[in-house]
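All chains are identified by letter, namely A, B, C and D, in their written order; residue positions are counted from 1 within each chain.
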Amino acid sequence: MANFKGHALPGSFFLIFGLWWSVKYPLKYFHQKGLKKNRLSQQQQRIEIIEGAVKTVFAIIGILAEQFVPDGPHLHLYHENQWTKLMNWQHSTMYLFFGISGIIDMLTYLYSNIVPLGLDRLILAMAVFSEGFLFYFHVHNRPPLDQHIHSLLLFGLFGGSISISLEVIFRDNIVLELFRTSVLILQGTWFWQIGFVLFPPFGTPEWDQQDMDNIMFITMCFCWHYLVALCIMGINYSLVYCFLTRVKRHAGGEVIGIQKLTSDHTYQSALLSGSDEE
Amino acid sequence: MANFKGHALPGSFFLIFGLWWSVKYPLKYFHQKGLKKNRLSQQQQRIEIIEGAVKTVFAIIGILAEQFVPDGPHLHLYHENQWTKLMNWQHSTMYLFFGISGIIDMLTYLYSNIVPLGLDRLILAMAVFSEGFLFYFHVHNRPPLDQHIHSLLLFGLFGGSISISLEVIFRDNIVLELFRTSVLILQGTWFWQIGFVLFPPFGTPEWDQQDMDNIMFITMCFCWHYLVALCIMGINYSLVYCFLTRVKRHAGGEVIGIQKLTSDHTYQSALLSGSDEE
Amino acid sequence: MANFKGHALPGSFFLIFGLWWSVKYPLKYFHQKGLKKNRLSQQQQRIEIIEGAVKTVFAIIGILAEQFVPDGPHLHLYHENQWTKLMNWQHSTMYLFFGISGIIDMLTYLYSNIVPLGLDRLILAMAVFSEGFLFYFHVHNRPPLDQHIHSLLLFGLFGGSISISLEVIFRDNIVLELFRTSVLILQGTWFWQIGFVLFPPFGTPEWDQQDMDNIMFITMCFCWHYLVALCIMGINYSLVYCFLTRVKRHAGGEVIGIQKLTSDHTYQSALLSGSDEE
Amino acid sequence: MANFKGHALPGSFFLIFGLWWSVKYPLKYFHQKGLKKNRLSQQQQRIEIIEGAVKTVFAIIGILAEQFVPDGPHLHLYHENQWTKLMNWQHSTMYLFFGISGIIDMLTYLYSNIVPLGLDRLILAMAVFSEGFLFYFHVHNRPPLDQHIHSLLLFGLFGGSISISLEVIFRDNIVLELFRTSVLILQGTWFWQIGFVLFPPFGTPEWDQQDMDNIMFITMCFCWHYLVALCIMGINYSLVYCFLTRVKRHAGGEVIGIQKLTSDHTYQSALLSGSDEE
C-alpha cells in the first residue's frame, strides 16, 4: 500500500460507498416518511443484500491486491526467521474485517428472523474500530507529516465507530445515518489526499515531511475535506428530493411526506436511477 | 487573531449568543410547560430562523476580519513556495463551520418537512468539535501559559460537543440546553480572559508565561468563569420567570405551568422584550 | 490542606454523605416499589431539601477552614506581586462548587415547578468534574507516590461525573444511584487513606515516596477500598430491608414489594431511624 | 502468574465462560422470541444461579492458586519491611472482584424482588474495569513486547466494561450480550496467546521482546483472535438454531420465532444438551 495506488484503491471503495449512502439514506428517509411505517419492504431488503455483496467483493479485491502485488507477501506470513511484509498483512486484515461485515449484512437481511437486527451495525462498528486500531499502532517511526496525516484519519474512524455503535440501539435514525455517510466520504477523499501528499503521482515536487507549516495546513485541510463531504451530501440530498417530487408529479401523486407514495415500484425505480446517477 | 481584538471578537460573538440562549431556553421551557405541547409554534420557528441568520452573519464577519486585517492573508493561501498566514486561515475555517451550522439551522426550520430534525444539532456539534480539533493541534511550540490557557478551552469545547450530540437523540431536553448555554457563555468570557492575559490591552504589565503559579491561577480562574456563567444563567432564568408571571397577571391569566398562556402574542412579546433586555 | 486534617475533613464529609445515601436510596427504592408510583411524597421532598442544606453547610465549613487556618490566605488572593496560597484557593473553589450544588438541590425541590428536574444532577456532575479537573492540574512536580495516590482519585471522580450526568436522563435509576453512592464512599475513605500515607498522624514511619512497590500496593489498595465501599453498601442495604420488613410486620402489613406501605408515616419514621443508625 | 500456567488458568476460565455464553444467549434469544415474553422462567433463573456459583468457584480457585503456589505469598502481605509478592496479590484482587460479581449474580436471581435488576451487570462491569485498571498500572518497566501484549488486553477490557455498563440500562439486548460474549472469548484466547509468547511451553525458541516486527505481528494477531471469537460465536449460534429446530420438529412443533415452544422442558433440555456439547 505504500504507494499512490495503494491509497487510491481503498479511497475509491470508501468514496463509492459514501456516495451511494448519501443517495440511499435520503431516499429511505423520504420513502418511510411517505409510507409512515418502519418495516423493510422486500425491495429495500434486496438492495441491502446487494450492498452487502458488493462490500464483500470490494474487500476480496482489496485482500487480493495487497497479497498478490509484485512486492506482496503472496500469502507467506513467516519466511526465513522473519515476518514477511507485515504491512500488507495488516492491510489485508483491515479488508478482511470489512468482508466479514459484508457477509453479516447479507445474513441479517437474508435471515432476518434468525440473525438479530443490529448485529450488522455492531460488526461494521468493529470493522471500523479495527481499522483505527491497526492504524494507531502502525504509524510509529515515520516522518512527522506521514504520521500526522494518517493519525488524522483516526478521528474519523473512532468517531464513526462510536456513531455506528449507537445505531445498534437507535437504529434507523436518519441523523446518525447521515453522519456515518459524511464520515465515510471524508475517509474516501482523505485516502486520495494521503496518496497525493505522500506519493505525488504526476511528478509534482515532494512535500517536506518535517515542515510544521505543512502539518498545520494538513490539519486544516482535513476540516475542509469534511466540509466537502457535507456539501456532497447536501447536494445529493436535494437531488433525491427533487427527483422524488418530480416522479411523484408524473405519477399524479402529491407532495412527499404528506401522502403515501403510490407504489413500491416508484421507490424501486428511484433507487435504481439514483444509483445510475453516480 | 494574535492580538487582543482577535480574541475579543469571537468572545463577544459567543457571549452574545450565550446570553441570548440563557433567555431563550427558559422562555421556551415555561412556554411549553404552559401549553403542554411539543410542536413548534410559527413564532418560535421564525425566531430560530433569525437566530440562524445572525449566526451566519457573525461567521461571515469573523471570516472577513481574519482575511482582510492589514496583516491578514487576503485570501492568498500559497505564495512564493510557502503557506500564507496559516493561523488566520485556521481561524477562518473555524468561523466557516459556524457559518454552515447557521445555514443548516435556517434550513431545518424553513423546510422542516424536508430536512430531518436533529441535523442542526449534529452540524453544530461538528462545528464545536472542529474548533476544538483545530485548537488542539495549534498550540504546540508556544510558552507554557499560552498553551495552557488555550487548552483549557478544549474542556469546554469537547464537553459542549458531546452534550450537543446528545441533543440529536434527546432533543428539547431543557437541562442539556442549559448546559450548552453555560458552556457557550464560558467560552465567550474565556476568550476575553485570554485576550487580557496574553495581550494586556491597557498597558498593564505582561504576565510571566513560564510561571507555574500563573498556570495554577488560570486553571482555577477557568472554574470561576464557569461559576460566573452559572450565575448569569440563574439570574436570567429568574428574570424570565418573573417577567412571564407579571405579563400573565396583567393579561388576567393564572400562574404559569398551570394554565395555558392566553395567546401566542404573549410569548412573542416576551421573547422580543427578553432580547431587548440584554 | 497539605496535612492530615486537611484530608480527613473532606474525607469525613464525603463519607457521611456516602453512608447516608447508602441508607437513603434503598429506603426510597423499597418505598417506591411498595407504592408503585414515581411522584415524590412531601416527606421525601423535605428530606431532599435538608440534604441540600447540609451539603451547603459542609461546603461553607470547608471554605472557611481552607481560608482561615493559621497558614491560610485569609481571603487574600494577590499580595506583593505574587499569588497567595493558591492551593488553599483551589480547595476553596472545589468546596464552592459543592456549595452551589447544595443550593441548586434545595431550589430544585423547593420550587420544583420552576426549576427543571435534572438540573440538580447536572450541577452535581459539574461539581464532581471540577474537583477532578482541579486535581488533574495540581499534582505536577510532586514525588511519584503523592502524584499517584491523588491521581487514582481521578478514576472515581470522572467515573462518578459520567454516571451522575447519565442521571439527568435516566433519573431515579436505583443502580446508577447505588453506583454514585459507592463512588462517594470510596472517595471518603480514600481521602483518609491519603492522609494516613502522606502525613502519618501517629508517629508511624514515613512512606518512601519513590518506591515502585509502594505505588503498586497503593493501586491495589484503591481496589480494596472500592470493595469495602461495596460491602458497606451491601450491609446497609440489607439492614434497611430487614428494618422495613420488621416495621411492616409490627404495623400488621405484608411483605414489601407486594403490598403498599400502610402510611407515609412508616416511611418517614424509617428514614429518621435510618439516619439515626449511622 | 509469571509463567505459562498462570496465564493458561485465567485464559481457560474466560474461555469456558465465553463458550458457554455463546450457547446460552442464542438459546435465550430464540426462546424469548418463541414465547414473546420478557419474564425469566424459573428454569432460566436456576441456570443463572448455577452460573453465578461456578463463577464464584472459579474465582476462589484462582485466588488459592495465586496465593499458595510454591513461590506465592501464602497470605502474607508485608514481611520484613517490604511488600510480599505484590504481583500475586494484584492477581488475587482481580479474581476477588469476579468472585463478588458471582455472588451478586446469585443474589440478583435468588432474591429478585429485593436486589434491583441491573446490579449484577454493574458489578460485572466494575470487575472487568478493575482488571483493566490493575493491568494498566502493572506493565511499566517491562520489555516492549511484554508491555504491548498485555496492554492490547486493555482494549478488550475497557470496551467490555463500557458495553456491560450499557446493559444496566439496555438489559437483555441480544447484540450487547453477543458483543460481551465475543470480548470474553477474545480475552480467554489472548491469555493463552500471552502464555505461548512470553513463556513458550514446549521448548520453542524465545521471542525477541525488543523486535518491532514482533510487536506489529502481535497487534494484527489480536485482530485475528477477535475474528476467531466471532467465528466461534457464529458456529455456536447456528448450532443452537439447528438444534432447536430439530427438537421442535421431533416435538411436532413449528418453526421457531413463529409459534411458541411447546414446553419449558424443551428449553431446559436444550440448555443442558447445549452445555454438554462444549
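One rule holds in what follows: contacts are C-beta pairs under 8 Å (C-beta built on N, C-alpha and C of every residue); 3 or more make two chains touch, one makes a residue touch a chain.
Keep in mind it's a predicted model, so treat the numbers as computed, not measured.
Trainee: Which chains lie in contact with each of subunit A and subunit C?
Mentor: B, D
Trainee: For the copies subunit A and subunit B, give the interface type as same if over half of its residue numbers appear on both sides, and as different if under half do.
Mentor: Different-residue interface.
Trainee: Round to the nearest whole Å and give the separation of the Cα centres of subunit B and subunit D.
Mentor: Those two chain centres are 46 Å apart.
Trainee: Quick one: report the Å distance separating subunit B from subunit C, using the average Cα coordinate of each chain.
Mentor: About 33 Å separates the centre of subunit B from that of subunit C.
Trainee: Which positions in subunit C are in touch with at least two other chains?
Mentor: none
Trainee: So which chains actually touch one another? I want all the pairs, not just one.
Mentor: All touching pairs, sorted by chain label, are A-B, A-D, B-C, C-D.
Trainee: Which residues of subunit D touch subunit C once you look at their complex with the stated criterion?
Mentor: 82-83, 86, 89-90, 93, 96-97, 100, 113-114, 116, 118-119, 121-123, 126, 130, 133-134, 137-138, 140-141, 168-169
Trainee: Inside the complex, what are the residues of subunit A that reach subunit B?
Mentor: Within the complex, subunit A touches subunit B at residues 29, 155, 166, 170, 173-176, 178-179, 212-217, 219-220, 223-224, 226-227, 230, 241, 257-258.
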